[in-house]
Structure formats: structure tokens, C-alpha cells
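First subunit A sits with subunit B, and in the next complex the same chain sits with subunit C.
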Partner chain A sequence: MKKYEKPTINRVDFTMASKYGSPLKTQKIRNSIDGVDVHKLTENYGSPLFVFSQKAIEEKYKKLYEAFSSRYPNVKFGWSYKTNYLNAICKIFHNLGSIAEVVSEFEYQKARALGVEGKDIIFNGPYKPKEHLKTAVKEKAKIHIDHLFEINDLEEIADELDIKIPVAIRVNMDTGIYPQWSRFGFNFENGEAYEAVKRIHKEGKLVLTGLHTHIGTFMLDANAYREATLKLMDLKNQIEEDFGYEIEYIDLGGGFASKNRLKGIYQPPEVIVPTADDYANAITNAIYEKNKSDKLPLLYLETGRHLIDEAGYLLTTVVGYKRFPDGRKGYILDAGVNLLYTSTWYNFNIELDKHYEGLNEPSMLNGPLCMNIDVIEENIMLPSLERGSVLTISPVGAYNYTQAMQFIRYKPAAVLIDKNSNVHIIKEEDDLQTVNFKERMPKEL
Partner chain B sequence: MLAKIFLKPYSALLFINNPYAGAILLLATFLNPSVAISGLISVVATIAFAEFISLREEYLNKGFYLYNSLLVGMGIGYIFSPTLISIFLTIILSFFTFVFSFVLNRLFWTYRVPILSLPFSIITIISYLASISYRDFFTKSSHTLFDINLPLFLSSYLKALGTIFFIPSAVMGLIIVFIILYFSRIMFVLSIIGFYFGVFLHSFLIGSFIKALNDIYSFNYILVAIALGGIFLLPTIRNFLIALIGVSLSVVIEDAIHTLFSFYHIPVYTLPFNMVVIAFVFILYLIGYKEFNYYIKETPEKSLSSYLSHIFRFGNDLVKISPPFSGKWSVYQAFDDEWTHKGDYKYAYDFVITKDKKSYRGDGLELSDYYAFGESILSPVNGYVIDCRHDLKDNPIGVVDRVNNWGNYIIIKADQGFFVEISHLMQYSLNVKVGDYVYVNSILAKCGNSGYSPEPHIHIQVQYYGILGSFTKYFVFEKYYKENRLLFNSLPKKGEEIENVIADKSMISRFTFIIGDRFTYEIFKNNKKLKDFTITVKMNDTGEFYFEDEDKNRLYFYTSNYLFYFYNYEGKRNSFLKWFFILAAKIPLVNKQDIKYQDYLPLYLLCGKIKQTFIEFLSSFSKNKYKYPVCYKFSYLKISSEKGEVALGAFNKGFVSLKFKDFLLKIKSEEN
Partner chain C sequence: MQELLKLVIDENDIAFHPSTGNSYQLNDIAKEIINFLKEGKDKDTIIEEIAREYGKDRKEVYIDVSDFLNKLKIYGLI
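Our next item is the complex of A and B:
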């Protein structure tokens, strides 16, 4: 029996139609993730639901690692905790051979609690409270200095503990891309980085063993990494010659793009996003070109988004729809910008749970928040969906879960689908108890 | 040194380069003292002349100067006893032979054709024609001092051999047989077959077997058979047939020349041999004949083993390219396949990425569903980009471009001279432009779906010409992994998944040896230290690098952009040096664990002398007899095989330790 649809009049925009067919007819469909039905998932674990694919994580990791390790013998990945610090996710990366890269004492503690040894933690970030810095020093973490005050802090700690502390400094530089990230670390071009090393050397309480840079995020030009590597290697050579330090490792940070669709860029990600080979080629060739010492430096990479983004999905259910005065169809979903922090700059891939009858019409996807800004898609061509339709939003593996807000609604559950298509709950849905956990009520009230 | 110069031309007449053989042959010529003395005089005269005009390099490097003079001298000694006048004539003609050899060689070398004893043949004609007028002043030479009596069937063969030295005696023949047999069994067999085949054919033509056996110029058959069957061509069945064709030709030519020359009493000597061999070498070299012997070694056996080693280990003259991608890709279409790789376009490969036997995720309705779409395409060769196109759209699934069926493409002219074409590139994804030089595995573009392409894939073919749509040429993939096996010069089958070999440059620097690098090893046997052992890196005059040990044994090696390998060992059969070759014949310069690969080692490394002789002889009839496969397992910084184990240094060049039998070699120190 055919469902009754209230008739509407739509403007047919011929510029959108091409020889490939009309966007009025195409539908993107996904009824399962790694062989698990999306409806089963929402029925069993609730909606909205974050879903992570172990298979996708491992494939992506191995591909990138292989691209580097086949070209360069000493390469190690550091899992960027801020990208996604769900314990199970971190554990998968550690099992694959990643060390931890943290940017706060909280992330540091999280890594330690997961059983990562201090020596396998890179401690980055502009703010490292002194007491926590001291713990990290005692546990032999790799400390990456961001500013001069941290040098002072570390020298004090060195005196207190009566040891020499091995450290690395973070360097920022011009690699020909915009915006240039000059907020973190010491600048290369104006000699600040060199001066910082001079300062470290003068006191003699710290020993420089590494150099770190992080040139930006979602980098669409592999050549910028070549520039960064060349500059870092130049600095390494100069420092080794002038101060006699042995720089054991260089850390190129992260920022490799994922196959997400940036707003304002109209080519598909396959076209504009560099391949793993592009990044690996750019970085390793630059090291070989500049290396002057007998030993090749250990290369650390802190890739987050590139490795996890495409392995994460958000399942959301249509809870209602209405027709806006301008003729657009408006769908109310149970997930909104509270869960999709990255919706500000990405056009997500939105897939339907099945094929729907009827033509596509201009539609808008709204979240459940009682806020006018809660828009996931302003303009999308969709067929007529039903109440209870499940949409799959991807890629959402990076930054969305860690930056999801407990705002208006509880934070949803997250599940992991393992390589045998078994589903594991890795984070339960919040409830009133979780939210109220640390709240205190003054007696007077 | 001087003795060697004198002795070399004697052995060279038998295509052998050995002073001892030369010494024996020189002594043997005294069976006819006239021949011996006259021969010696001519050699001395030639050297004196060459020194006089300061051309020492010439006669030292090139054997033909001296052996042509030697032949001229012996030829005069054969007919005239040494008198003052005949000596004078010998000296004059020796000078002339030298000059004439020089001229002929310059003319012939343009076509890489040897002059053999052609100068001798021509000078002989001149000297005989001239000596008709001088006849009164000469005394006829006496013949050989003594001889033994053997049945005609046998003695004719031996006498023919002796005639090469102007001593047609069975004794001389026997001496030559022993020398040939000692150096090369293949040459011996060729001499027998060549002789009797020629004589048989001759007797058939002239109607008398006895007459044919007694013909004094039948040594030409022997020379033709050896030269074509083992010296200038490789000793293989096919070339044995060519040698026999050459022999038949020389029979006819000999008779023709004999008829003509007998009017003037000029002997035929080696003219048939020279004409036949020069003609055959000329054509076979020019057409690039497959079994031509480009690197002539001391004996046919050595030429053959070096050739076989090369084709088994390195695929010799095949067109070799790298797979044009990194990571694992599957063959979608191979050579001569069902859809588009047909006819003149059959030598092409199509690759896609598959997971769970599918090349796409989901329904495969969008280009982005295809795993291959957007992946990097790497250069398969070193060479110049000579043509490309990048403006065509990537067709959506289900649509193909029938007009521009090659789609976006790149054509590279490889350094080796052939052309590689890669098709269906993603629109505007090219990293290179016309005129760029690209290296193996540099990133060229992204995989797309432009042109006649049902789904995103890489199409690659090797072409004769650098024009789009040129006919394709057979090629192999130089190296790739199939599962954990590293294969060289192979072709993957349809549906097979292969992975490209990406070189780790830190491994390359580990094998970049510089002249003068020294490595000292401590040698332990059953954990008891024996002695120290030092090898030094050296280079010879042709730019080949080798390790040399204290006993002057040499082990030649080469470092390519993805492989370090040993390819030749010269020296004693029992040395520690040769074990480097056995244990690590090839080392892939990669960062991988548990990779298995096979190599074929040269026989002289592993067999005893007798077994080697036997197998070398057999392999001229069946090439596979020569195969001696060894399986190696490579784990980063370690290579192991049934023969032993080698460890590489983490931060040092070269080998850290070698383990084989009861021995252990451990690096002691590295001095530069």
C-alpha cells in the first residue's frame, strides 16, 4: 500500500541536475555498520548513538603506519587523546603500537590509568600545572616545552629532584600555509626557538632530546609537512653542532586531513585530501635530505583525526517533521549540535536506513535543542522520511565525542563494533546521577 | 709480464687466454722449428714496431695484433726455412699486419664485429703473391720432426687441429686436444662435431670421404664451430645449430676460394672461417639476437654460467617496471585478458583495491565508494614525463567516455628507452608536468575514473613509442610482494593481490660502500677464535665495486635503488669471502619483517670443481640444469637461509655477523 503524501510544489533547479542524473532521485543508503543493522543498534543501545568500527580504525592505522614505516625505519605514532579519549578507543591504538600524546594533566592521568607508562607519554600543551609537571618528570614522560615559563618550572623541578631532565621544545614556523599557527611553542624564523635552546643549555639543568612542531589542522597540502620537516631538521643540525645535544627524535605533530567534506570546498575529499603516501613521502624524504648525523632521528607523529574520523558514526532518529513557511521540510532529530561539534565546518555524509518512495525535496535537519542554532544541515535533498527513520551521520570519529556537551540532554551511549561484528558498549548513556555526581547543595537552600 | 705478452697469442689461437697453455703451445710449435722460430720473430717484430710508434696500449689490450702477426710468421715458416731473406720478409709483413689490423679493427668496430684472423688471411694472400717472384731466394721448409701413426679417421681430426698452428701432425693435435679439454669440454665437443660434420658434408659434395678427411683446410670447420657455438654466441642448443649451419657454409666457401686461389698457388688458410664468423656475428649483433654472448668470458662454460646466472637472478634483458602504487592492490585484468587487453594492446595490467573480494564499500554507486579512488599512483620507472593530460572528468559509475578512452594519462620515457603509459587518472590530480624527471615510486597523480573505465582503477602498459595509443610491449614487474613472498621479475595472475616494494633509504645508506672502507671480522670456529679477517672495498677499472680479502679474492657487489646484491666472485674455492655471497646474495633494502624470497646462486660457490664441470656442460643443453635455488628469509637487519645467517648493523654500514657451518664471523671494528 502506497503511503499518502501531502502534495507540495518544488522549484526544480536545473543547475543542480547534470548528465549524471538528478539529485532529486538519488538517495544515500546505509542499513548497517560492519554488518550490524542500524535499527538493531538503536533498539538495543538507544538513540542517538555513537558507533565506532574497530575494523575501520585498524585498517586506517595500518595503512598510514605502513606508508611511513616502509619508507623510514624509526617511526612511532602517538595517539592524540584529545581527538577521542574513550578508553576503549585509546586502548585499540595502544594495542596497535601507539604511545600516548596528552595535552593536560587530566589526559595524562587518563593515559596512566589505562596502563600507559610515563615514558610512553608525550606531554604537550600550553598549560601544564607545575605539580603535575613534576609527576610527569618523575615518571619520565616526554615533556614538550611550550614557553619560557615552563623552562623555569622545569629547572626548579630539576633542582628539587636533583636530576637533569630530558626535554623537547615545541617550535612554530611558516610552512607556507594560512593560518600560520604561531600560538604554540617558540618561533623558528625569528630565532626564538634557537634562543630557547641557548637558554636551556646555559643553565644546564635540562637536556634537549627532541624537537616538536604542529603546523596546523586538516592540512590539505602535504608539501607543508616537507617544509616543516626541512626546518626542523635544519634546527636539529644547528643545535647539535652548536650545543652538542643529541636530538633523538623529531615530532611532526598531527593535522593530517580525514575524508570529511569541508564547508566551502566543493570538490570531494578523495580529490583534495592528500593520500597517506603523499604525507609519508613529504616527511621522510625531507629527513633523508637533511640528516647529517649517523643516526636517523626517531620520528613521532600525533595523527588523530586522520586515523579515527572515518571510523565513527552517529545514529540519530527522526522524532518528527514539519513544513516550514518557505516550503522546506524540517526534520527534528534526537541528535544536534550538542553532539556534533564539528558540524560548524563539515558537511557530513548523511545516509538513510532504507530506500524511500517519492522525489527528493529541499529539507533541513534540526537537532533536539530548544535553540535556534541547532542545525545539522541547512539544505539537503531528502525524500519524505518517516517518524522513526534512522539516519547515519559520518564521519564523526574525531573530536565529536570528546567535545560533545552535556547540554539540555544527556550525553548518549557509545558502542564499538569489533572485527567479528560483535557490539560492545564502551560508554553508557548518562543519567541524572552522572550529571548530579559532583554537585553539592548548600544547607541554606 | 713480458712472458705473458709472448705467450698470450699462442693460446688466443684456440680462444683461450692462459699463459701456461700458451707456453705449452709455443714449445709444441718446435715440432717444426722453422714454424716456431718464424712465429717468434714475428711476435718480437710486432712488439718492437708497436713500441717504436708508441702504441703499447693497443697491442697489450687487444689480442688480435699479436696473434695475427704470429699466424703470418708461422705461415712463412711453414713454407720457407728461416734464412736472412725470409726473416726480413717476416719482419716487414709483421709490421704490415699490425698496421692493417689497426685499420681493419677501426672499420669493423663500428659494427662491433671482431676482425678475427682476417688481417692474417689478407696479408697471406699478399705475401704469397709477392713471393712468387722471390721464390728462387728461399729454401723450402722441411716438415715436422716426427709424428705418430693413427687411423686416418682419427689422425685427420688431430692433424686439422695441428694445422691451426701450421703443424699438421697428430702429436700437435693431441697436445691441442688436451689443452682444449682441460679448459672447456664444450669447446672440445664443438671441435669434434664441427670437424666431422664438415667433413661428412664435404665428402657428400665432392664424392670422396677419404679426400674430404685429407683436406688440409678442414680445420676451418673446427674454428667456425667453436667460434659460433661457444665464443661469440652462447653455448646453447640453438647456437649449436647455428654453428653447424656456419660449418656447412664454410665447406662451400672453402671449395670456392680454393678453386680461385689455386691459380696463384695461394693457400686458403683461415679465410672461410673469417668470412663465415664475421658475417654471422655481424647480423646477429645487429638484430639483437637473444643468445648473443655480449660479455665474452675465458671459456664458453664461464660465458654460459654468467649468462644463466643473470637471467635466473636478474631477468637479463626483460623490460622491468615497478608496480605503480603502494599498499596492496589486486589484478583486475592481466596480459591478454577478457575485456580490453587484447591484440596489439594485450601487454597491459589493470589494478584495483579490494577488501573482502569487493572493490567498493556499500553499494558501489558513488566514486567515493571505491577503495582505489583517490589513492596515489607512483612512478614505475626512472625517466622523463613526455606527455600527459589531466582535464577529463572522472566518470560516475556506469558511464564511460568512449571518445577519450585513455582518459587522463601520463607517458614516461624510461631511462632504459621504453615508454610507460598510465591511464584513467583523477581529473587535475597530476603532481608532475611534461619535462619532469621522476624516480621510481615518486608520486605522480591520483587514481581516478576518467576515460573508458567502468570503475576507478590503474591501467598500466609499456609501449614501443611515446605516442598515446602506441602498441604495447611485453614487460615484467621487477619486484613485488605476494603475501610474505618477495618476487622478482614476475607477473601476477588475475585476481592476485600484490604489494609494491618501497625502499627504506636508511637501508640504502647502510649499503653505500666507499672505496677504502675496511671491515675486520673475528673468526670463531665452534666458539674458539681462529683469527682476524679483513675485507676492503675497492673498485676496478670498469667501475665495478668489490670486497677484497687478504688473499686477493674478490667479491663484486652492486647497490641499486631497492636491492643490494653480489654478482661475481673471483678467487679461491675455499674462502670466507665467498660466504658473504652465499648467505646474502640479494638483500632487499626495505623495512619489513619475515619476507621470503628465492635466489639462484652461481654453481662455483656451492659445488666442487668436478660437479661444476659436469653441470656446466649439461646446462648448455638444458638451461634449468644450472638452477641452484636458495630460499632466504629477511627480517629487518637479519637474513637467514639453509646456508646460515647474516646480521646487519643498526647504525653501521655492512654486515655485523655471519654464521655458517661451524663458523661465526663477528665484526671487530670499522675503520674508514
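Our next item is the complex of A and C:
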């Protein structure tokens, strides 16, 4: 019997050839993750499926931590819960030595439920309801003040509890990047941050012990962190001199980039993303340059994306295909933008489960939602895939699970592959009970 | 169909359409289907023959051949 191959015809477009080879033949293949077959994973745990690699998390963490700790004696990481707050993922970071960085009472409660002590929680975010702020104060969390109303709230809490509350303020600044993040905290350049400290000092109910900044996300210029650190250290020196506070720590927030491929940027991430050493050099050198105190401040980092993005994969299965009137082949996948929030910004790495015979042709990847916007990849050269082909989409470890929507389809399961290639289910697939949980029906209906 | 008849296919599986100057890259089954079409065979017959020849499920072949014919239409060849 002759070997079957799906019939393919492609108009030859000479503009598609380049020194990187023919896009008509290149295939990116991944048949396993950390030694576990992708088909076995979808057969055992369903498709689509989020897969996280403990090995990749730990390797990335150690690399970044070593980059900093080899240059600076006093550094601590705070795991950014919003980046990925699956309990097992948070636990891995806590086991590695991270404290927790949260931006809501819900994340705060999650950290506490995981056994993280209040003193090991950094409480950021522009909205901290007063009752929850009070709990965090009682539990000695590190409160990072975002605006003047929070100063008022905290002073009331200080009165209610009859204590002085140690706090930090969030500072935004121009570090030479565009767009400048100015939404969080108090501005450095126009003196707002200094005024906030003056305001805190005047009442004497709060004690400033830290300074925080978060300059942006997916920062492709390590030098921006140098600028941020210099400014934060200048502020520290001035505050210590003018108000007598001892600033115990500075917190440079997050924003280190992962090896993802930003839309509109044509160089590969290997070329444009700074290394862990680049970021570490930029920050630690600036502290050494500016430090006037006999003690170096504790350095906190709230790195999320850089540490988890490449450890996360989404497996998805081809459920069908069709031919669009413009000639592209349209594949229908069982995972869509409901699970891939970051598809708005990134061109993911899309890998096939095996080598497919035949030529690549212009294709489009669509999800299962009955929505025209459900496009994972608008233009991709793919060979003729089959119903049941499993694609691996990566890196999706950051933000995609936490921002995945329960919309039209149930939210899928998530598994963790440990360092011995054992697979652990860390979140089961949703079902009708999960979706209907806490809904109520009025008697009249 | 007129346009398809003009296609010249060489030994490297490249088809050339002289009046538009377009070239196309094909695989073996695509070539076979084009030859069937040139012989005047209809869609159902082509599906039957391909399914028999390759031992494939007729319903699966139906999807692939329909897709291929759609693409020939988009290219203005049939």
C-alpha cells in the first residue's frame, strides 16, 4: 500500500526564501516535555493541558539568584503571586527561598494558607481594603503604600492598634524607557515621593523602612534598572539625612523579560533579552555607587515572568481544519485566547508532536471559542496536520494560567512534571459544579 | 478547468502556469489528483480511487480532497 500524504499545493513565493532557509520545509518539533510524551500527557490528563516543569523553574531561579547573590550579600526574592498563583508553583518558589509578593487580599490569603508568615509577605497594589490592610499590619506584612489615602488608612489603623507601623512607599520614575510607568506610587522627579515621606514623618504614626519601585514589564534594557536604583538610592540617602529614618530595604520590583517573542520585534529573544547577569550588574553596581550608609540595604526583587514563563507549556489538540477563502488553512484547536491571555503581545513558539510529511503552507491557528477574535497565530507556516495532532505552545508559564478565563469551555487541568519526570496533577479540570459554584436561582424563576 | 489543463508539471514536482507565470509546488498525491482532473474524473471518483489506492477511510479522504480542490479554486486553476 502506498504511503498517504495529504494533497498539498503552494504557490511559490520567492520573497519567502531567505538565508534562514525555506519556510516551506522547516518544522519545529517537540514530542515530550522533560522526558514525558506529549500524547501521554493529553491522554492521561486531557487536552488542552497546562504543563509546568519543576526542573526549568529551579534552574532559572538558581541562575538569577546566583547572578545577584554572587554580587551582593543581601538579596531576597519575593514570588510574584499574580504571575502564577497555582499553589504548587508558589510552594516551589517558597521552598527555593522566596517570600511572597501579593497585590490583593485574595493573594495575601493564598500566601497565608500556604504557610507563609505575614512578615514574609510584601503587600503591593493600588487597592488594599482597610480591613485586610489591618490584618496585614497585625501580621507584620511589608506594606507598600501606593497613594495618600492609604497613608490615612494606615494612620487610622496605627491609632486603632496603638502601634507604629513600619511601611515602605512605592515610587515611580523616569528611567528612560517608554512608556513610563507612572500609575503606581508617588513620582520621584516632581518631588511627590519626597512629599509623601514628609507627610508620613509629620504624623509620626508610620515608620518608613523601605522604598519600592516597579518600573515596567518585559524590560529589554537592563540600564533602566541602573537608573531606577540610582534614583531610589538618592531618595534613600536624602530621606535618611532629612528625617532620620533608617531605610532597611529597597525593592526593585519585577519586569525582567523572559525568552518570549514580542510582537513587532524581529530579533529573536536570545539576542534582545538581557541576561540575569546584565540585570544583576545594573542594579548591584548602582547600589554600591550610591550607598552612603555603613550598612548595605536589603535588596528585594519581585521577579515573576522571567522565572516562570519558560517553565510553562500549553498542550493543545487539532480538532479540525478548513480552507479559508484567502487560501490559508485554518486549524481549529481545543485551546484559544481564553487560555492564552498573553497571545495579544507574544508570538509563541509552536511545536509539532512529530515530523509531518509534505510541504508547509500558510496557516492560521484558531481556538474553540465561537468568537472571531479567537486567533492564536494569524500566519504560520505548517505542514498538513491531522485531527488529533498535539501542538505545544510556549512559553506560557507567566500570567496565562492566572488570567485564563472560564469562558465557553471549562478551564483545563494543570500538571507539574517533577525533577524525576513524574507527573503530578496540580489543578483539576473545571466542571459544571465549579462553574455553578455559588450561583443562586431566585425562587420566582 | 481550462487553466488546470495549461499546468506543466516537471520531475521536481514544480508546476508552471504559462499564462500567469505562477509556479506551484506540489506533492505526489496533489499531482495525482491534478492528473485525475485532467482526465475528467469527478470529485467522488477521485475520492474513491485515492481511498482505495492508499487504504484510507473515504470520509477522511473526502475532507482532504475537498480542501485541495478549494485551494485550486482559490488559485484560479479550476
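Some observations on this one:
In this section, the second predicted complex is superposed on the first by the 434 of 445 C-alpha atoms of A that agree within 3 Å, B and C clash if a C-alpha of one lies under 4 Å from a C-alpha of the other, contacts with A are read in each partner's own complex, and residues count from 1 in each chain.
Following the convention adopted for this analysis, contacts are C-beta pairs under 8 Å (C-beta built on N, C-alpha and C of every residue); 3 or more make two chains touch, one makes a residue touch a chain.
These numbers were taken from a predicted model, which means no experiment stands behind them.
In the superposition on chain A, A:K82 makes contact with neither subunit B nor subunit C.
Comparing subunit B with subunit C, more residues of subunit A are touched by B. In the superposed model, A:D326 makes contact with subunit C only, not with subunit B. In the superposition on chain A, A:H212 contacts neither subunit B nor subunit C. Residue contacts after overlaying the shared chain place A:S69 against subunit B, while subunit C stays out of touching range.
In the superposition on chain A, A:E5 makes contact with subunit C only, not with subunit B. In the superposed pair of complexes, A:Y288 makes contact with subunit B only, with no contact to subunit C.
In the superposition on chain A, contact is made by A:L296 with subunit B only, not with subunit C. When the two complexes are laid over each other on chain A, subunit A has no residue in contact with both subunit B and subunit C.
For subunit B in complex with subunit A, the residues that touch the partner chain are 326-327, 355, 362-363, 366-368, 373-376, 378, 396, 399, 426-429, 442-443, 446, 502-507, 590-592, 636, 651. The touching residues of subunit A, counted against subunit C in their complex, run 1-12, 24, 321-323, 325-327, 329, 357-359, 384. Contact residues of subunit C toward subunit A in the complex are 14-15, 22-30, 32-33, 53-56, 64-65, 67-68, 70-72, 74-75.
Within the complex formed with subunit B, the subunit A residues making contact are 19-20, 28-30, 59, 63, 66-67, 69-73, 259, 268-271, 273, 275-278, 281, 284, 288, 294-296.
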